[in-house]
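Encoded as structure tokens, here's the structure I'll be asking about.
Labels for the chains are A, B and C, by order of writing; each one numbers its residues from 1.
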């Protein structure tokens, strides 16, 4: 059976200049340097990226899905935060 | 045609082809999926380099044979690759040590080759250098990891080094071909590269806690077409289709 | 709070989400059966990718020219990548990769039975790309809409990458079919050997398939085995005709009324035997994978030991 395994890493790729790094998946690597190399070989074979972040999976803290209502619903009623909430008379531009 | 130039290009092409062929034997058998993918990437780079170089060699020759015919239809004595690259994969440590010793040569070689006066070769060298830098990073890291890993891995990779060291002097072997071409084309002087190579190799081996072997007996012959027993078997496999079904398109 | 809800209420809400096509994510509540079914399906899928490297890997060193060699290497490498994406998806459900792999090695976990057939000629590279990848794509495209987020996202990536796999296979076959008599015979022979196993890839007939209904309700399967098999037959036969190869089925007939091909009886005895381990290559395939894992143990261990040392030096 398996002995101790290489830790799991989450991989984030910036696909081109100006865009955010985006989560693309995970992989196994013994250390951070290897995780970067492996991410390059696994997730950028088709020129998908120009920059890589790797983070040990166990270092990620996620919000609790059972608290989603409490966390995210209160924002739904604050429609005044969106520009479409406001009336702009016809003929007004640059606003 | 320029026979020496043809041979010069064939040498580089054969190194890439035979090592690429060797690495491709790993595909599906690596120690972990991530590394399987990494080794295959290197194999693909090498096959790509070989393809570019054979295409150019075919041009130099005047188009009598295309790239595939050069790659697949010569006899063993016509291959000009180093003995180092035809050595069997062995265990993962053997493969990575072979790769490291070769990459450490290829990097300074391509760096200087870019400055040559033949624009095609210079262009291929430029592209290949980028690939080689990554190969060297990858193989150096593994040599260090295995050398400074566990006792077992240390012993294994020291053994790999001991048995492969005998093929390293050939990296810098020069013959008539170099003598004729060097000045005209501003090709790298291999004896000068040796210094760079040794410096880098010693640096990595030191970090890997590995010892340079004291047995300094060295083999050569690859550059003149006199190979180890291994090449014949590599070719038997690699050339199988072209030999069994002559003159067909695939 | 969800924590206070009864199992029945949780299951009801879960099914409502599925019915509304809301994706399930790793930390969301899910029924245990859903989790287990997914782990089984995703890891079988991952194993198939990894074992599937071997029959094609068998020809990499003998590929007939430089272009074919590079293409085949890249394709088999993709399969390693796909296996990796899928194991990663299974890990989000708590299925540890190496343990999952150990289940494959012990025979507890299954993989697609097609990979237990040998690759005997270069034309088999064509037949596998064209038929086996073709069948796999039929199965996989609907899975991009599967209810489990990480699996669906892995499948999107797999399908995107896989689009070249089938084309390169068909290109090999088309080339051979237009080549010399030996090449044409080689192509026909490969089609003869891989046609029926390819049809078996979709699994048992719907009436025999024990998981289908529940999996469809959970949207981790979007079409039945027979639907997908029929779709595959309908698109593949015209392709074979176009390159002048003959489908090895004497009962094959086009039904003008339904617009579908009707095909002969699949040899289910053979199918179940291969699934049970009696295919021509079952033992070789598993032995090879086991050996790779065992031979690599010292490498994986050394990398961990070194990572430990490096960490200690950094913090020292």
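Convention: a contact is a pair of C-beta atoms (placed from the backbone, for glycine too) under 8 Å apart; a residue touches a chain by one contact, two chains touch by 3 or more.
Predicted model only: the values in this text are computed from it and were never measured.
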Ask   = Which chain lies at the heart of the structure, taking centres as C-alpha averages?
value = C
Maximum centroid distance from chain A, chain identifier (CA atoms) = B
Inquiry  = Tell me which has more C-beta contacts between its two chains, B-C or A-B.
reply    = B-C
Inquiry  = Can you work out the whole-Å distance between the CA centroids of chain A and chain C?
reply    = 28
Message = What's the distance between the Cα centroids of chain B and chain C, rounded to whole Å?
response = 35
Message = Nearest whole angstrom, what separates the Cα centre of chain A from the Cα centre of chain B?
response = 40
Note = Residues of chain C that touch two or more other chains sit at 77, 81, 84, 297, 300-301, 303, 306
Message = Give me the residue numbers in chain B that touch at least two other chains, ranges are fine.
response = 32-35, 37, 41, 145
Note = Going by residue number, chain A touches two or more other chains at 6, 27-28, 30, 34, 42, 45
Key: Partner chain A, residues of chain C touching it in the complex   = 1-3, 25, 27-29, 77-78, 81, 84-85, 88, 91, 96-99, 101-102, 153-154, 157, 161, 297, 300-301, 303-304, 306-307, 310-311
Note = Note: in the complex, chain C contacts chain B through residues 50, 53-54, 57, 60-70, 73-74, 76-77, 80-81, 83-84, 87, 122, 172, 175-176, 179-180, 182-183, 288, 291-293, 295-303, 305-306, 309
Chain B residues within the chain C interface of the complex = 21, 24-25, 27-37, 40-41, 43-44, 47-48, 50-51, 54, 67-68, 71-72, 91-93, 144-146, 148-150, 152-153, 156, 237-238, 240-242, 245, 248-250
Complex interface listing, chain A residues touching chain C = 1-6, 8, 24-28, 30-31, 34, 42, 45-46, 62, 64-66
Task = Flag every residue of chain B that touches chain A in the complex, lowest number first.
result = 32-35, 37-38, 41, 137-138, 141, 145
